[in-house]
C-alpha cells in the first residue's frame, strides 16, 4: 500500500493501520512538507519521502490523504499508473461535480466498492449522519418534505495538524463554538447529493461545532417521521443486523464509546410533546477511524478481496 | 443578603457576587452538608451555617440555591418571615404548577421583577434559548406552527458539585454526550410554558449535551421563519439596543466570549438550501452567571431599587 | 483468571487485558459494590458478582485489585484455596511489613516472579522511578550519600473511580497541584525499601502531583552522580537492551508516547552548571498498564510459563 | 501608556489591565503582524497599529512585550524618546549581559523600581521560584553549597500564541512533558545571577514542564536547610507580612487558587526521612499576571507614584 499525505492526522492513522494490518504492507509514505524526516508510527520508524519521488506503480493500491483540491490530480496520476486508489479528500465525493465514482460509505455501497478500482472515501460528518439516516429512508419513515436538523460536534483532529492560531490549545481548551453555519460547510453537498440519490424528499440543515477533545464526532439529528414508530431502534437493528462495524445502543452513544474504534454507534429516542411524530437520532464515530482512515482500510479490504474486518479495531 | 445552599457552584458564585457587590452585604451563607466549615470565597473566609440555625429575617432578601424540590418549602419560610426571595431552583418557574410568580428573565420581564417580592430565577438553558427567541416572536418572524430545534451544550458546573461517578474528570474529559433526550429535560416545561405565554404557536425540541469544559452554555437553534429576513441580526439589535447584558455579534459566539461575564451573546445566520426560509441562531452564556447567580443578582438589584448593573461583570 | 475489585479503573483494565489475551480467559470478575450489574469491557458484557459468591478455586490465578487494607485478607483466602495470586494493592509490597514476597517489578525481579505463587505488583510511581534508577545503581553511578529528588505527575485515573468531590471534572480541569508532600505518600516506603535492598546509600525525596489528564505518569528525577557520564543513555541501553517493554529515548518522553502501552520510556540528560555532576532522568508510563494491570499480566505470563509479552500492547 | 507587541498573550493581558486601570489609559497598542486589525480587549475595540507608526513620546510609559531579541532595540528607542520603559522580554534581565538595570521582582526590589525609568520585568518561572526562595536565603536557612531542585509546570499560554504544531490542542491535551532539560532554559541565567546577587552559595537545577492547561505555573522546590525549622511557614509569613500580592498557605497551593490574580501563593512542608533537613516549597502564580503583565503594571504603578495595587486583581 502507498500513502500520499502521510504526515497529517488521517495519513498517520492510515499508515498505522496498514503497518498493523495482518495482510497489508506499507510500500511508501509520502509527505512533501516533512520529506526526509522519519516519523514513529505504530512502533516503527517510517521515512517520509516527497510525493514526486514515489514510484506509484510499486503499490497495489494508493490512498490519497492529500488536502482537498490537491488530491484530485494525484488520484489521476495513480490511476494512470494502473494502480487502484482511495481518495480521502472531498474532491471526488458526491455533490462535488464528479459523479459516477464509487462512494465508499461501506455499509451502504458495499457492492459498488467491491468492484471499484477508485473509491471516494466519505467525509467524517457525512459518515456519522448518513449511516444514521439511511434505515429511516429505506423504510419510508421520514415525513415527506421533512426538514432534518443535524447538529454535529467534532474533536479538533478533524481540522488537521497544520499550525493555525485558532487550533492552539489556548484557543480550544474550555471553549466551544459553531462554524460553517447556515449550510455552508463543504460536507453539505456530499450529504445532499447522497440524500437525492436515495430519492429522498427532504431538506437538511447541518451545523458543525468544534469540541475541546482530540477525536470523535457526535451527531444529534432530529427527524420528522411519516408515522410514529413503536420500537424506535428497530430500523437500525434490522438494517445493520450483520454489520460488524455498526452498533445500536439503548443508551446514548458517547465519544468515549467509539474513539480508537472503526464503528458507528447509534441511539434513537421518540421526541415527546410535538404535534407530529419526531425522532431524535444520535450517532458517534471516531473521526479519524470510521470517519477517515478506518473506513478507507475497510474499503481497501473489499477492493482487494480480503476479509472486510481485517486490521480494523472494532 | 442571605444565601441558602451556598456550597454548590451557583451558591458560591452568588456569595462571591454579593461579597464583591458595592451595595450589598452577605448576612449569612447556609449550607447544611458543610455546616461548621469555612470556605474561601472572593478573598474572604465565609462560614457555612446550617439553614435551620439561620435567622431569615436578618436579611433584606434571601436567595435560595437549594436543590429542586427542597427549595419550595424554604422559599415559603422566607416569605413567611416577611423577607423578599429569589428562588434559583426550578420549583417556582413557569410550567411547574406555580403560575403567577414573577419569572426573572430580566430583559423580558423587567417590570414584573421590579415590583416583585418573590422571583423565580430562570434555568440556564431557558435563559440562553428564550432570550434568543423572544425578538423573533415579538416581530412575528417565526413561521406559524413551526418546530424549533434547540441543541444546547453545557459545561459540567451546570450539573453541580455533588460527587457522582459520571462527573469525575476521568469520565468527562475527552468525552461528549447528549442527555435528557426526547424532550425529557426539566427545562422543557419552563420553555414551553413561556412560549405559550407569548402566544407562540410553535413546538420546541430541546436536546442538552454535556461538554468537557467547566462553565458556559452554547445553544444552537434552528427556526423556521414566516418570511425571509434581509438583515438577520436586526431583530436582536432592535430589541436589545439598550440592554447592558445582551450582545449581538457578527461572528459566531463562543464560550470564551462569555465565561465570567453576566451576558447573553447572540449570533444569527440565514440557512441556505432549504425550501422555506430558516434561521440559525446561536446563543452563549456563562451558566453560573447569566444562567444562574448573575441573573439572580440582576433581579435583586431591580427588586431593591438599585442600579441593575451594580456588582455584575459585563 | 479471576479478578477481585473488577469495577475500579485498574480492575477494568485488567479484565480487558485478560479478555483480549490469546491464552487466558476470565473465570470471574468480582465487584461488591456493583454486583449484579453488567459492564461492557473489551467488547463483551461482563457480569460483576460479589466476591463472597466467587469460587476462588475455579481460577488458575486470581488478581486482587481490591483497595489497600482490604486486599491482604483476600490474598490469604486465594492462597488457602491453593490458587496463585497477584496483589495489585500496596499491602504486600516491600516496606509494608510483609517482606519475603516476590516483588513484581518484572524487569528487575524476573526470576523470582517466574517461580512465585504470590506476587506483590508494584505501585505506579515506584514502577516509573525504580526502573529508571536501577541501571545507575547497578553501575555504581550514583554518588554515595546522594539525595535523589523524584517529582512525579499523574493522571487522575491513578486516584480511582470512586466519586469524590476533589476528583470532579470541575475541580481537576485547568488545575494542577502537589499532594502527599514531604515524603508522606504511601509509595515512599515501597521505594525506600527497594533502594535499601539494592544496598543503596541514598535518600529519596518523592513528590507526586495531580495532572488534568486521564492517564499517564511522568517522573522527573535528579540524580547526583559519582562521576560524569559521557554517553548519558548508555546505562539504560545496556541494562535494558533486550527488554521488550522498556524504551530508551533521545527525546524527552511524553505521556502521549506511552499511554495505552505496557512500557516504561526513559530519557536522560546531563545537567549543566552544577558543581558536582548530576543527571536529569525522565520516565513515562501508563499508570493503568505498566503501572498496574499491564505489569500484573506481564507477571502472570511469567508465573504461568507463557510468553512474557502475550496479550500486552507494546 | 503604550504597548509594543500587544497581540501576544502577555500583550493582550497588559492592554486589558491598562484599559481597566482606574488611573491609566492606553495611548497605543502596536502589533506588527496584526496591524490594521482590531481586537476586542476588556470590552473595547482596540486597533493594532504598526510599531513604526507609533509616536513613542505620546505615552508616559511604554511596555515592550516584544519577542526576546527584538525587544532590546525598541527599548533603546523608547528611552531615546525620553519615555519610561518596562521590558517584558528576557533581553535586559540579570544574567543576560545587561547588568545595572532595575529588575522588577517588585516585592524584592521595590525601592530600585520606584526610582527607575527603565525596568526589566522578570520571567514567569523566576517570579515563582525567586519570590519563594528569598526569605530562606535572607534568614540563612539554606545549607551552604546546597543544590536546590526546582521543577516547574506551566500552562501553554507561557509559550505564546504563534501558530506552532507542538502547541496545537491535539498535541497538548492529555499530554505532559519536560523541556529545556539539563539547565538549558533561558530563565536559568536570570535566576542564577539573582541568587549570586544575594550572595547565595547554592546550585540551582531547573526543569520546566508543559501542562495541558491554559494558564498558571506551579513550582515545586526542594531546599536543603542549614538547620531544621520548627514553624515551616514562618519565613514567608514574616518576610511578606505586609505584601498585598503574596499569600502564604497552610494547604498546597493550586493553579485554581491563583489564575486571573496577580499573586504568588506559597506553601512549605518539612521533608521526612532524609539525613539532613530539607524543605519542600511550592509556589503558584498566574504566568500572564504576576508572571508577566500583572507584575509589569505593579512596577508601572510604583514608577508613576501610584498606589502599587491600583488596577490589579488580588
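For reference, chains read A, B, C and D in written order, and residue numbers begin at 1 within each chain.
By definition in this document, a contact is a pair of C-beta atoms (placed from the backbone, for glycine too) under 8 Å apart; a residue touches a chain by one contact, two chains touch by 3 or more.
All of these numbers come straight from a predicted model, not from anything done at the bench.
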Using the touch definition from the top, list the chains contacting both chain A and chain B.
C, D
Over half shared or under half: which fits the residue numbers at the contact of copies chain C and chain D, same or different?
same
Maximum distance between Cα centroids and chain B occurs for chain C
Could you give the separation in Å between the centres of chain B and chain D, each centre being the mean of its C-alpha atoms?
38
Chain centres from averaged Cα atoms put chain B and chain C apart, in whole Å, by 46
What parts of chain C, by residue number, touch at least two of the other chains?
171, 173-174, 212-214
Show me the residue ranges of chain A that touch chain B in the complex, using the header's touch definition.
145, 147, 149, 151, 153, 171, 173-179, 181-184, 188, 192, 203, 205, 207, 209, 211-214, 216, 218, 220, 222, 224, 252-256, 259, 267, 269-276, 278, 280, 282
Contact footprint of chain A on chain C as seen in their complex
43, 173-174, 260, 314
Complex contacts: residues of chain B adjacent to chain C:
9, 156-157, 161-165, 167-174, 212-214
